[in-house]
Amino acid sequence: MATMQALRKIAEGVGHIELQEVPVPDIGSDEVLMKVYAAGICGSDLLIEEDKHFYRAPVTQGHEFSGVAYKVGKNVKRVKEGDKFVADIECGAGDWLGVTVDGAFAPFMRVPEHVIYRVSDGVPLLHAGMTELIVATHHLIQERAQVKVGDDVVIVGPGPMGIMAVQYAKICGARQVFLIGLKSDEKRLQIGRQVGADHILYSEDGPEKAVMEITNGKGAEFVLECSASGKGVQHAIDCARKAYEGPGGKGVVVFISLWGQEITVNLDQVSLGQLDIRGSWSWNGRETWEHAVDLLERGLFDFEPVITAHYGLEDWEDAFKSLRTRQNLKAMFHPNGTDWAS
Amino acid sequence: MATMQALRKIAEGVGHIELQEVPVPDIGSDEVLMKVYAAGICGSDLLIEEDKHFYRAPVTQGHEFSGVAYKVGKNVKRVKEGDKFVADIECGAGDWLGVTVDGAFAPFMRVPEHVIYRVSDGVPLLHAGMTELIVATHHLIQERAQVKVGDDVVIVGPGPMGIMAVQYAKICGARQVFLIGLKSDEKRLQIGRQVGADHILYSEDGPEKAVMEITNGKGAEFVLECSASGKGVQHAIDCARKAYEGPGGKGVVVFISLWGQEITVNLDQVSLGQLDIRGSWSWNGRETWEHAVDLLERGLFDFEPVITAHYGLEDWEDAFKSLRTRQNLKAMFHPNGTDWAS
Amino acid sequence: MATMQALRKIAEGVGHIELQEVPVPDIGSDEVLMKVYAAGICGSDLLIEEDKHFYRAPVTQGHEFSGVAYKVGKNVKRVKEGDKFVADIECGAGDWLGVTVDGAFAPFMRVPEHVIYRVSDGVPLLHAGMTELIVATHHLIQERAQVKVGDDVVIVGPGPMGIMAVQYAKICGARQVFLIGLKSDEKRLQIGRQVGADHILYSEDGPEKAVMEITNGKGAEFVLECSASGKGVQHAIDCARKAYEGPGGKGVVVFISLWGQEITVNLDQVSLGQLDIRGSWSWNGRETWEHAVDLLERGLFDFEPVITAHYGLEDWEDAFKSLRTRQNLKAMFHPNGTDWAS
Amino acid sequence: MATMQALRKIAEGVGHIELQEVPVPDIGSDEVLMKVYAAGICGSDLLIEEDKHFYRAPVTQGHEFSGVAYKVGKNVKRVKEGDKFVADIECGAGDWLGVTVDGAFAPFMRVPEHVIYRVSDGVPLLHAGMTELIVATHHLIQERAQVKVGDDVVIVGPGPMGIMAVQYAKICGARQVFLIGLKSDEKRLQIGRQVGADHILYSEDGPEKAVMEITNGKGAEFVLECSASGKGVQHAIDCARKAYEGPGGKGVVVFISLWGQEITVNLDQVSLGQLDIRGSWSWNGRETWEHAVDLLERGLFDFEPVITAHYGLEDWEDAFKSLRTRQNLKAMFHPNGTDWAS
């Protein structure tokens, strides 16, 4: 029986992440065996190490991924050997690839056909590995809120989601995109500028003043809070466009953060300015995934500045650390190396 | 020149509220002199005393009112002497009756015709004095959010706005209305039950558990936070219906509180449960006022349990105190007594 | 093997409806055998006779129904023998009870558990037989559009759906409900008045004038077209509230008709008045059915004036004819009589 | 007293358009005298000639325009002599520049300050003359409906509005834009292709088949009907994305046509496919104009292929004729020639 090295959460509790020798999975008649090309490390992978996110141990992690069909079950119709593909990680009630069911931090992964989306040969597999981020970005910026042509947009927090949102806001025709971060985020903020942010503002400088000045006192029609800090929530509320009379809802704030604890904020302007706040999580099933794959195919995003490092699974400790210290923006594992496909 | 006694904020700062002898106002050709029948004391009147709300001193307070046309300017067409009427308090940019321009805590008040809404003879003037509360309630429960037939509704905070919202939710066909308050709010909570609340829950008991149990784990489609406390915000989030996947927005929380300070809350479930939060303040111009007057005319609200006391202006200190200590729910001034009209 | 008499479409084409002797169905382990109490005759049953609606022959018709669990499959958990229940007719892709799969025009019907909704013992089975109409009404009046407290509502066409919508509009707090029909619909129009219509208007009299006069030139916020006539569409457009400037969408027209042919209308006011038209069909899965069963349980509708006749299956020709000639509003089959349950 | 030649509707009825010698207007203290640079000929100018649109004779026509402040009233603050500007044509209740009040088919026009929007020096005045079309396009494509990134879009009718909508749909990130016209519209259809239409389809060929094929049977999320024909309405309905079950509203059709007569259409798919139809007319006040001027300033539209001819007022008969015969797409008058500004 063939075996492989997989990066796994082997038991409940803090830590307990190890490289383990496990069998290459068998597949059923409705499943596909993916040879993994790229597997992104998500913030929730770090939270699983810290025991702050749900999971089911033992499990191979890795839920942002792309690869090629290596073996195909006999009933599978939409994919054939050699096809590039990505997949929705939600396979069934409670079954999440890379979280509760074995995922992509391994050379091979078993994927049910019904969650698979084929990707054209011309799309780089490295970019395809970012599909789940496109899914989340599309959901928050077009399904939970609608950034419209001419809107002013503020993004709080220059992490991978924030940098994707900067790009997507420009694709939607946003007028000006403001990116807010800490002074210690300078490297990430510069990536934001590179992919289209019109204004870089520092949390330490009271960025709401700048937003109000530059928008002639109007504020931003759309604000995304993805900093996971109480201060970020306050910036979001303070930068949003207020509607002190009339029907309300001129300024929309989307939350995609988990703060993991109580935060302290002044919410008075939510009431007075008749703001809309919308939580965003997950996605809207096939509808969102089909849109995301379409955006991927059209090559609308610039992923090169976003993916800042590439690792083998054996260097996982370095990779995790580089994300905790914000040295990297998005780091990718390549469990089979990068030479065999592109 | 005729004079009258008016209750006025006479100077900036804390306090400075006094009964003053002032002239009965002259009216212009587009104005009406109202003989005031009822003038409700609002929470913001207390805040003006405490110097925590905007105002322009010196000014006669009183912005919730009803009365009769006593004298009518020569160009006025929609009102004639003897007509009952109410009025939108927003007369022009920055001109708010009872806040920045003289209001209804006096026997007579000057009102521009363009903000006036006539009320039928058959409508009790006492009820008409509640129109501004209907305006605010309609705005939050039908314009900022839409309570639908069959929705489960949670109201946090049994103040005048909360009690009105309980009634309005039932008018909208809500399935079950839950009213949450402190144990020390028992008197107000019982008024809530009297006007239709199906379940009375106490903040001290963890009311979200009861809401989830009674709704079979679903939560409430609509939650109104009007307690002005951090705990109230937490209850609101915890009681709302979550949408952990799909398009989101199954649970809508409306804020109509001003907390006046930072509060400490856990917002994780806003993101995860894809909640909608909507601030509500003011109203949507004539659209809202016309709806409110129509509701008043149809007699849909039961105001008797809501209006718990009646005062002359000379007893204003008692009246204010009874509201601060929550002995009253809604208290009314009758600057001309109650015998001359009904 | 036990047999029963069932009313079936036995072959494709016009006609071909017959009472046939067929076996009482066997049930699988996830199914329930319903003893049918009431089975409403829908307009689409007439269309199936005329070969103008989709179906799969041979098939037992009947898709509006209520009954009691007579036998229960071994894996069934949510229903036990003797329970009252109703069911969503959409069992799977393309499988519609009473249309493509055997339905309720028979003493017994096989129903998969996953589409079943239990009904309390206290709810009359006759009323439960109307659940699918509540489903359709809820979808159009709360999910496709939102009738709000204070809205003026026009219903065009006093068929079963129109009469249900009159009632539902009142439950939503509508201000005035106008019901429009032909002079030959007098009997149905009077039922509309009985269940709450404030104004009865005749198509022949130019009802849009009356609607505009009574609403002071404003028109109706919500109009339902369920007359299936070109004239009805024109009335709907002409009665709706126009928004000649501003954001638009003040008047919402819902279509639930199939006209079955081209119609001739003037649509200019749709553009000029910035109307919203929304087609409504089917429903929103479990979400709608759960709401409908809740409304049924709360007894909010008055079904007595709506259900105007009761038939045995053997009298099906009389029953169908009475609906074609509009002598009845809603007619019910009772394949097992009415004595055995209530 | 200085005079000038103006193109005027001089009396009610068909025809009655003449070049007349009239005084150069005086301005009040809150008004600006515009020296007109470009004045577009709109379809409604032709309708006024045909007596099929409202107007108030005698009146100088011309409501799509740009120019320079030639003289400025003493209270005017936002404009100074020499500034480029455009203006909302709705000056007050019933007062429409170029329709009921003298407009821009003349060398000089009086404009109240409150409807003026300044345009930067760098923006070509020829482009600024298209602002009202941007206003209408923004209103229909972002305010009445929201074209989202990845939507498939169908435009029916390759007139000036249709060609602008093709461009705007691409700015919004539409996936594929289909433009439908008659075979005799070939010239206009090719302009559509030039500004971004992905697919040109002919009304005569049953374009809905192509739309369905190319979108894999899904249909278009957004369809604009601007052909003013019954056939166009049918194409719009047939090309839209249907939602045969679920919440509905997957396909949105916007009407901006006036057909001027009854049309014959089959609306069954509006009900069955749960379509949304939204009429669009006018705009949403300052909100829309500010967005439109911002889009103009950003240079997002390619106007060169759209403006196909330039005329002096004296050639008005040729100009009108060229539009009636669809030889031109958008034709501009330059009442002061084109040499004096740019």
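Chains: A, B, C and D, in written order; residue numbering restarts at 1 for each.
The definition used in the following text is that contacts are C-beta pairs under 8 Å (C-beta built on N, C-alpha and C of every residue); 3 or more make two chains touch, one makes a residue touch a chain.
Fair warning: this is a prediction, and the values are worked out from it, not measured in the lab.
A repeat of the A-B interface exists among C-D, A-D or B-C. It is C-D, with more than half of its contact pairs matching by residue number. The distance from the centre of chain A to the centre of chain D, each centre being the mean of the chain's C-alpha atoms, comes to 41 Å. Centre-to-centre separation between chain A and chain C, using Cα means, comes to 45 Å. For chain D, the set of residues that touch two or more other chains is empty.
Taken pairwise by the contact criterion, the protein chains form one closed cycle in which every chain touches exactly two others. Of all the residues in chain D, the ones that touch chain A in their complex are 138, 142, 146, 148-150, 168, 171-173, 175, 291, 294-295, 298, 300. Listed in rising order, the residues of chain C touching chain D in the complex are 90, 143-144, 233, 244-249, 255-285.
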